[in-house]
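One chain, subunit A, appears in both complexes that follow, with subunit B as partner in the first and subunit C in the second.
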Partner chain A sequence: MKRPVLTLYCLLVYAFLLAPILVVVGASFNAGNFLTFPPQGLSLRWYVTFFHNDVFMRAIRTSLWVAAVATVISGTIGTMAALYYVQHAGRWKETVRVAMLAPLLLPEVLTAIALLFFVYAIGIGTTTMIGMVAGHVLITLPFVFINVSASLESFDPSWDMAARSLGADRLTRFRRIMLPLIKPGVIGGALFAFIISFDTFTISFMLKGIGTSTLPIQLFDYLRTNFTPEAAAVSTVSIVLTLVVVIVSEKVLGLRIHRF
Partner chain B sequence: MRAARRKGLGPLVLIAPAAVLLGIFLILPYLNIVVMSFRMPGQGTPYGPGFTTGNYTKFFADSFYLHQVANTLWIGLLTTAICLVVGFPVAWQLARGTMRFRALAYGLVLSPLLVGIVIRSYGWTILLGNAGLINRTLTGMGLIDRPLPLMYNALGIVIALVHVFLPFMILPIMAGIQGVDPSLESAARSLGASRFTAFRRIVLPLCTPGIQAGCILVFVLSLSAYVTPSLIGGLRVKTMAVTVVDALIDTFQWPWGSALALMLSVTGALCVVIFARLTRMKWKVARP
Partner chain C sequence: MTEVSIERLTKTFGTARAVDGISIRIADGEFISLLGPSGCGKTTTLKMIAGFEEASEGAIRFDGKDVVNVPAEKRDIGMVFQNYALFPHMTVDQNLAFGLEMRKIAKPEMRSRIAKVLDMVQLGGYSERFPNQLSGGQQQRVALARALVIEPKILLLDEPLANLDAKLREEMRVFIRDLQRRVGITTVYVTHDQAEAMTMSDRVVVMFGGRIAQIGAPSDIYERPENLEIAQFVGQVNLIKGTIIGAAEAGKRRVASVFGEVAVDSREDYAPGTAVTLSLRPEAIELRPEGQGGAAGKVTARYYSGSIIDYRVALDSGETLHVQTFPNIRIAEGDRVSVHAPADGFWLLGAAK
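Presenting the complex of A and B:
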């Protein structure tokens, strides 16, 4: 360690980053009726309460469903757009990039409100899940786009040309050249899309219908009126779910995630 | 001619779905919300017939809302500045440090992004509350008699926002520093520049784009943050985003809510433009 002051400073920042997350996980094992310090013994009772709470279980199912649908749609659309951006955009390159990143650059709160008014303006309202899924696709699209186009950064058009001159047809060229190149980007982008969608709040909050609350919404509602450690148990399960998804994809697929 | 047509239309199929999606679910809603902000307030309906500029004059006439915008901007600025000061050394160490545990450190910086914003804000309420971990520990140690006011005020909101958005500051700055060739610094040092001068004249100007990107990202995100100010600020301190969302959810005043949301976003965008102008000018002057 060459610079002890810098190292110590960084360790403090890492502690700061982890503190609230560790506190939530710790609080979920509190045996008491309220979040008290020091905890009144250790217990898994709040996990049991949570698993028997229909409202939360339904919210988890909704969250997983919306995240899965949004990931498939934005994974497909985003990958296609990234292929266009890298290979064919030409002088429109910058326009395509800005347009694809727009949902990330615009304030999410404004996008959510605009979408809410729009689904009412076209007459579908929040009785269907169309508005919510569209919102989730919108905010996850930039992450797929970033990841896939980053994985194509090293793409050299002469590879495609070489394959063509050797007689490979369009489909073969895509399957043998493009697909292996973009695969890690697509998986990384889809993974990020899933996590972003699973955790996002504002879009779901504005566009939720009756009985279609996602887990973050249900948790937020619960936190406004309740102070039991059940919320901590819900949070911990949510964190573990995300971690499992990340670790499994890292071990199985060996991917790299580009966030920027 | 057939070849030209294939070249023109074929690739467009790739971009068409994204264009349709963004057109229908982003551009149309944004046009709609601008129109909505000029509609008449409704009586028992979300909006009435006819158009007016009244929503905007109401905004500028009422010092309560101007005050609240100023308050929101102040919280955003403070969050951005603290993120920069806290995050820069970490970004530096991640980019340049010869640590054995760099992968772990990088994972630590990324980890908050994998945990939902509601959960992270909840963690801060456990830490900062009057009966929270920090106050209990301090009273237990006999350092304070009464709990410190850490929650339900701007201080608590800023602490939690810094935590929520710090990775967005660290990552672009880290990328910026990684782009600066360390030999440039060594060259400056060998020509007699002090470590500080080499940093100020060489490294800082070169990684400015990263710093700018980080600052803009954190500032914009903290202006439109809803969950954190709502959970930490409670009813006592409200930022603009909280007021807007609550106005829409509780009272259904669509035109008024639209005008408020647009004013907040336009103010934020103006700040970003001013910031970009100022920093670019300053760095130009700093260069020899």
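Presenting the complex of A and C:
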């Protein structure tokens, strides 16, 4: 503790970031009927209610499904775009980058409305999940792109040349040399994509089909008419789910890559 | 084993000619260095031999077969890079196995070949290490082993010692040279370090501006340089003014200079009376205390560096000489000296400009 002022400052920043989460988690164990903090007695009753609530269960399944599909698509397209950007874009590099990051710069609500018009104009509509998944892919793409191109920039071209001199064709070089070496970027990007998709409201709200609902939308719906600690229980579960995804991916996919 | 023949090889980038019509024949098992300053086209030439750079014109033949249209992965070359380019996510063993897997070598043979080559580069116990757990010199030897284990037709090395410190660099020179002799593989080595090229090569190819300035044995390049630029690139040189007197015995001319009349080696013939430039290597000159004949001069500076002493000597005739001697002579700064140069220390560079 050589720098008390700096330490205090950091603690305050952490408090600012984490306090709301702690309040939500705390409120979810409330025994009373209203969403208040500090909780009035401790109980798991609102978790029981939540887990027996079909509407929420359906919404959470939809959210996980959409996030998983969007992550796979976004991860694939984003990685390919990053490969093109770093290795072949040449003088179009800056243009490609701006285009790929455009979804970050536009207000999400504009993207959502534009997409809504678009899916109706081309006749897909919102009766299927296609529109919503496309929307999720669109807003998660920049995160995959940024992460993968960052790890590609530190990929030494002489690794590829060495593999060529040893007799490896293009596909083998990608599979055995490049992919393992940019894996941290791909996994990082995919994690971002999953979390952002799981969390997004605006896109889902505009593009969801009638009768389907993701968790954030369902929660919003619920809070319009109810104010019970069940909402806090839902939030807590969604926080835990996000953490689980991050930790599991890190352990299962990520551990071996940190050896160099 | 393989004989390499490069014929009128050219590489253009836009209008610039990075490599301009060079031809080299490399004998089976020969160690050739491409030596030159940066931008002289030596690395581009190496990349064209490897197949990483497309030749604009000309041919590259391995044992008579033109490989210009063969992609790098099918040329069967072993390459060592300046930054080693070891795969960081693989162990030493996996790095070495990679090329063998590409060639579909059976497991038992793979094991024995890896063990043999690791032994050869003296890294027997290191097969399970990752590259970042090795020192620079060890990584370099792994890179060599990885290139050699596939038993390629030719070995290409791109400034492989540039990232090592001076002492290790000297050790590695000898190491690579001995290894190459033992394996007997045709080798092309790119460097800008003349001492490296001299120690290791059978022949040195000096390149300037995309063209070959001279090809020859290291002693040829050093003792009989084609021109001043080469002489200066491969070492330090004193330039002495002289006048042709006439022919001497085979290949020599009698030249008068501040050192008197000497018979000097020359490639070309010159008419008597022609003003010429002689080169005189610093280590060929002998300094004696004043009054012992030769050219008279005065020591203006003395730099002691252990194995040798560097002197600057101002001759009474106006020339300044750079002299290198063993440190066993007792001549100090400011002393007047007699400067002697043996006839075979001179080389006739050409007509004076």
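Rule of thumb we're sticking to: the second predicted complex is superposed on the first by the 248 of 260 C-alpha atoms of A that agree within 3 Å, B and C clash if a C-alpha of one lies under 4 Å from a C-alpha of the other, contacts with A are read in each partner's own complex, and residues count from 1 in each chain.
We take it that a residue touches a chain if its C-beta (ideal position, glycine included) is under 8 Å from a C-beta of that chain, and two chains touch if they have at least 3 such contacts.
Just so it is clear, the model here is predicted, and its values are computed rather than measured.
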Taking the superposition on A as described, I'd like to know which of subunit B and subunit C A:V248 touches: first, second, both or neither.
neither
A:W159 in the overlay: touching subunit B, subunit C, both, or neither? Say first, second, both or neither.
second
Determine, under the contact definition given at the top, whether A:L18 touches first (subunit B), second (subunit C), both, or neither.
first
Look at A:T172 in the shared chain and tell me whether it touches subunit B only, subunit C only, both, or neither; answer first, second, both or neither.
second
Using the touch definition from the top, say if A:I124 reaches subunit B (first), subunit C (second), both or neither.
neither
Is A:A31 contacted by the first partner subunit B, the second partner subunit C, both or neither?
neither
State whether A:P180 touches subunit B only (first), subunit C only (second), both chains, or neither.
second
Larger residue footprint on subunit A, choosing between subunit B and subunit C, goes to B
Just which bits of subunit A does subunit B share with subunit C as contact spots?
259-260
Okay, in this complex, where on subunit A does subunit C touch?
156, 158-159, 161-169, 172, 176-177, 180-181, 257, 259-260
Residue ranges of subunit C touching subunit A (in the complex, touch as defined)
50-52, 71-79, 81-83, 85-89, 98-99, 102-103, 130-132, 146-147, 150, 156
Which subunit A residues qualify as touching subunit B in the complex?
2, 6-7, 9-10, 13-14, 16-21, 23-24, 27, 35-37, 76-78, 80-81, 83-85, 87-89, 96, 99-100, 102-103, 105-111, 113-118, 120-121, 134-135, 137-138, 141, 195, 198-202, 205-206, 215-216, 219-220, 223, 231-232, 235, 238-239, 242-243, 246, 259-260
Could you please specify the touching residues of subunit B with respect to subunit A in the complex?
11-15, 17-19, 21-22, 25-26, 28-30, 32-33, 36, 46, 86-87, 89-90, 92-93, 97-98, 105, 108-120, 122-127, 131-133, 136-137, 160, 163, 166-167, 171-172, 175, 220, 223-224, 226-227, 231, 241, 244-245, 248, 254, 257-258, 261-262, 264-265, 268
